[in-house]
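Some notes on the structure that comes next.
So that you can tell them apart, the chains are marked A, B, C, D, E and F in the order they are listed, and the count of residues begins at 1 in each.
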């Protein structure tokens, strides 16, 4: 069974050049089972910028990560080869669609070679080009945690902002709305257009009020029911959490999930056929204590375990 | 049906001169159904100052507010005319009673003209002159969320500090203690005088231990029972929340409400005859992440919906 | 019944030289029932330093403490003599074992004279020399709240780091593992050696997943069952709480207790034979809002009430 | 002599809805001699974003401004009508050139009506559309304080970033390079292309090394010599100051001007024919103490006095 | 020669209960040559509050202080008995004049017994009651460093704010304006009334523009000329420094002194007959890095040396 | 002429895994002319810890560095091969001398292979093992910028703290005190032992008072005179700067150098035979704005140019 070189993880946590979770760096898909990538891009935000600094700080905080999962009982680094493939090397940052193409083109070779990608954003607009890079033969299922449905059509002249990725993905046949669950949705809106789009296209939208009623166990059950055994993408916008946990984000909305609920929720997805994931909207300039990036990095570790599960020998 | 001009709300959230929730400014009661006012005064605090900066920062953060309530299902700005009437223009700030008179005199014309007031504090001492300005024919009922009963008699030589407003209001016949519920009370005290005053005068005091036992639904039921159909004032001291949500406040006390409980509680009051409200004790100098002001502004939006409910056509 | 001089506690909370909870300073055991001590030492940390500054900031924030407990219904300062005995006057800080000896030697005379000690850390390595100072005739029982079991053997060349105190204490016959409960344990580990040590030696380890299942009441029941009527030590590492409550700590791990759970848990221990306590790992440099030290100081007040209970006249 | 309504300036500094320097709001050019405008746009930055929040925070801090200049000896608000005309109401924020057109179109009517504009940025890319709005019959002279010459050609696919405005302005015939002085230039560069462009086109570039040699008085003399009696624009990028004064900026470079040098420099320009000005690159998310916005607001007041000088009766 | 017990100063700087400079606490004038006192009062501010927290943080940071002055060449703690006499135990904080009386009454016995007082504020209004407590037979001379002359008459209904102490002191015959020098004055004003009062009554006002011209040596010469051999009071408002050094203050004004200039200035006063001193307007809530309190504490050490000079054996 | 691969430096500054100045990583001395190394160790501090986090944050901020020096006129990356060799992989962090040995052993192979080392600390104790690693045939000359001479003998039981490196180095024959200049010394001390050691052994100590008198040019002349043409080490403790520039440090002392003076000073050393260098005492936990690490990274770039000078073709 191939494994990750974890010697860097044995050093003091504050030491060394910070790759994600202190795994080796890789510059090609060869020998990579799971590719950790940064997408330092926030050209799609509508309110507060700063998510371009997210990968740096999540790499930094991810040095706190360790191997054996306390609940799932395995060490993802022992069962497969995890590598940090660096950040998308942007050369076009002032044109949203050009930047998106660079994201797609950077990740595509890894996906084509069979690696699963786990991406640190960046704003949520980046998920659309990630879907393009994955180029799955069938539309993906999705578990999506967020305060917002991100199925709006257009904002301030663009159809590719962080409010639109899943609408674009459905339109492009990359995402199956009937196998999509959106969890944590809340907050007032000037129009209900996005909510309507999700509901009208068959997405399962769990608003926070229903979340409270169902409880985490109920939401997990719903997620498993909706997704079934389809290849599923996990997209975690940290504003799905209450901003007290993740103040460093672009469009905070009070009344969100706790970290304990988020951990339980992700662990409840264990065994699903997770084929890709992202943690997005960590905006360090609004995060004086660093907790947002720590949460983001820990969610990445949890997502890594979901991605690595299929590598665990039975 | 008269409505609010919401053109400013369509702009990017970081843009423009920040009135509360980006509603129009008004300098007279004419055409104002609900008046949003700032009371930048913290001359009544006993511990950490800074609430004088609260209205500024709540105005700033309130640009994140939007129209359609996700649960109540209506847009308060569409059903009535909401205006920012500015801050009390203080000319006497070193004499608590003189400052209180200025608060009363600034708000009174709006109340007299039939507008409902929604006030951003400022410390909690300001609620007493707000009651005076409202000049209701009968003592008000009240839902009061706070860590402290604020029914102490005197502190450091004054009877008008932020620990006393509701004792003064009962004495003045402005508040009906038997229709008052105080929620979130906790923390040690050097004397139980305030607790005793509340209990002895018939207020329903929900200490945090009982809050845990009753749950939010139980507390809502109690609140509705106590208040009945009387005209009710909502007074929300942000130290009723746990200081992790609202570190920027003058007398933090750990172990308080979560924002989700607070939102659920306020939404559970929908349909009561709410005639005025305040959100107080936001002290930005102690709020490095800005979350306190964001919470305060969001609570104002929730209170606005309660005040606007009677304007919704049936 | 002897009592504490509480005149300083009547002054405004921001005033005066900050002893713990503004009790009198004492430089000898005479007339001291409960000794509040600072141990400004963080030479045993493995990740982020700063707990050496913990006693200062907990003293500072402890001025917010007051007398009458809202639930337990008594005032600890009225039933016994509480004193701040200052900080360990370190002269050897670059040698962990030498520093530990200084901790032991500073506290021993107080313990020998019959005073109970309540210590503000400092990192968790200090609990081992505290146990040595207490020099109990029998191994202690313990209620231990923490994200980590702190029963690892060695790290980076030392057996006396903040990951080892309870393994050393068991080995030295100072701690009875079969009367020890560890609550809040979570987070990945590079090795399960510490978890195994605790379990293999009979400690009751409540991982967070089980904590969620049992609920606070269930955990209290377990703690009372394990401890029984033995003399018990309370050790509270603030990283047992979720880092959103206590960001200022050396090895934060998301998904921990809330302050409300912590308060309920401690109050649920009322009546146990608590003979000593500490609150450790408050690292102010990572605490921009000061909330960590406020939480730490409030936990000290709760621990004080547990220690003072035996002084309450029946 | 027309004057500004300064009643708001008499209130406590923390009170009221913050227009710039608490002058009245105006929504049309009528009766406006000097128009204070915000341009909350940072789509042109190359490193750290956040300047979109600059106008808000400069408005906030500008409440500290007062009337009578301590050195120049007049009160700008008494000699002309100063108004806050609000922020550019952006509807296209994802396309640099479209956003620039909106800036131009918002300001043009004020310029056409004869008002002078004083703009709070926003990143430095905005100065190019400001020049377009001014639509002067002859190319402008300029005093430009900055760490960078901002005469680079292209970056990451755009010719309209914050590194290019003055190259574009020269190309468009809006700026006269031979009447331009650039002060405070410093820091390493990956290419000397921008420096070369400035020098080759006749701009007077005062690198920091020469600044130290000349002293402020010498630099003032140079500026007056270069500009002569031409209509001159003042463009102040706060990264011209040392980042210790203005940490909240996008591309900080140590070794810059002090605030005392900046104040002396601006006062030394008194009497020049200043026809427009901006203060740009204030990025509040990187400004934990708020000093950057305070500096920015004070520089705006100094620039206002330069603009108002021609209104002072002789 | 009597000396101070400096054993606490030998411990690590982060250790121990923080008295000023870690000198012994004293509760009576006996055996005190120089009394260090805190006045945690900010009821006289006009803009941002928080100076009530100044004594705490200056005590905290003053642990960085040590004995031998690097330039003056003596150790103040060896030549006289320095004690921390604690904070004014306020019982009336809502009435400026009552609070001032408490300041006066607390300090008077120390002054009467011959101790010199060195006070940590608190806002600048406290200097007037300090003068009252000193009760000198002749009006004092003064060296006053500040951005503002603090000789205004009335603000917002009070004659005892932090803008008025020296006008009140002159009126009461406690301060000799002709032996007063005010250094660092700057910033715009809505009225020149205060400036005029100082100049009209013969104070030597060194505005910052003149400060730049004279240089520190020239200002020292002026100060020595003005004061002569009269008993002189040193009043240092930290807003005399540029806010980059002291952001934590109530009315920051850019363009002030550097710390190096301040140190040189104070050292240049060595040998004057300094009989009392204060360092005021340190407002920790606006001081995220703690530098303001560090500067304040260091200035206190420098002032201490000036006060102790007369105790140095010749 | 060999050169550094600078492709990473062309990307946006916030992108990519942060090596120092975005140069390539190297794990052996082969092909390395100048080795950039991190020493994340603060076990030798006496006051505030945190310098263990210095290399991470200096790596992070060093992405702001670019190639062509604005004054020296060359690009260090074009004239030699610069590599980031990572951090010392500590396995013994609780024993100062053992940790020092690890520093020495990590760097020695690079030095032996002829690479020059440029080290990011860590506290100042690390310079002694760096000297050991360099193993020069003759004692080194040194230019040392610092608030403290660091020639004390022992503190709190250790002779290897950050107050002692240069005393140990002289004793070991690694440093020539008569070719050593110490610049920026200031602040009170409890004993003058360290000052005396430096002076008695022939070091040229430039206290800040003399620094002001000499001016930067005078100090440069002194430094060149003292050092002559000997191989010289540059050791820059960021507390040599005023703490307003570098608040994030362990023992701040007000009244230090400005960044402009520091840059001028280093540039004035151009042409000396600089053979090694460090920038130490950057403690990010005390650096809320990040400016300290930015200054530290920029000083590293300046030191790099001094080290690279000998590679510039003539």
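Here are some notes:
Criterion: a residue touches a chain if its C-beta (ideal position, glycine included) is under 8 Å from a C-beta of that chain, and two chains touch if they have at least 3 such contacts.
From a predicted model like this one, the values you see are computed outputs, not experimental measurements.
Think of each touching pair as a link: the shortest run of links from chain A to chain E has 2 of them. Under the contact definition stated at the top, the chains bordering both chain B and chain C are A, E. Path length between chain A and chain D in the chain contact graph, taken as the least number of steps between touching chains: 1. Where chain B touches chain D, the two copies mostly use the same residue numbers: shared numbers make up over half of all numbers in play. Farthest from chain B, judged by the mean position of CA atoms in each chain, is F.
The pair from A-D, D-F or B-D that reproduces the interface of B-C, where over half of the contact pairs by residue number are the same, turns out to be D-F. The distance from the centre of chain B to the centre of chain F, with each centre set as the mean of the Cα atoms, comes to 55 Å. Each chain gets a centre from the mean of its Cα atoms; for chain C and chain F, those two points are 40 Å apart. Across the assembly, chain C contributes 12, 14, 48, 52-53, 90, 93, 156, 244, 286, 288-289 as residues in contact with two or more other chains. Chain-to-chain contact here is organised irregularly, matching neither a line nor a ring nor a star, and falling short of all pairs touching.
The list of touching chain pairs reads A-B, A-C, A-D, A-F, B-C, B-D, B-E, C-E, C-F, D-E, D-F, E-F. Of all residues in chain B, those touching chain A in their complex are 6, 9-10, 12-14, 64-71, 244-245, 258-260, 263-264, 288-291, 294-295, 298, 301. Interface residues of chain B, counted against chain E in their complex, comprise 42-44, 48-50, 52-53, 90-96, 98, 156-158, 160-161, 285-286, 288.
Partner chain E is touched in their complex by these residues of chain F: 46-48, 156, 185-192, 207-209, 212, 242-244, 247, 251-256, 286-289.
For chain D in complex with chain B, the touching residues are 11-12, 14-19, 25, 38, 40, 52-53, 55-56, 59-60, 84, 86-90, 93, 288.
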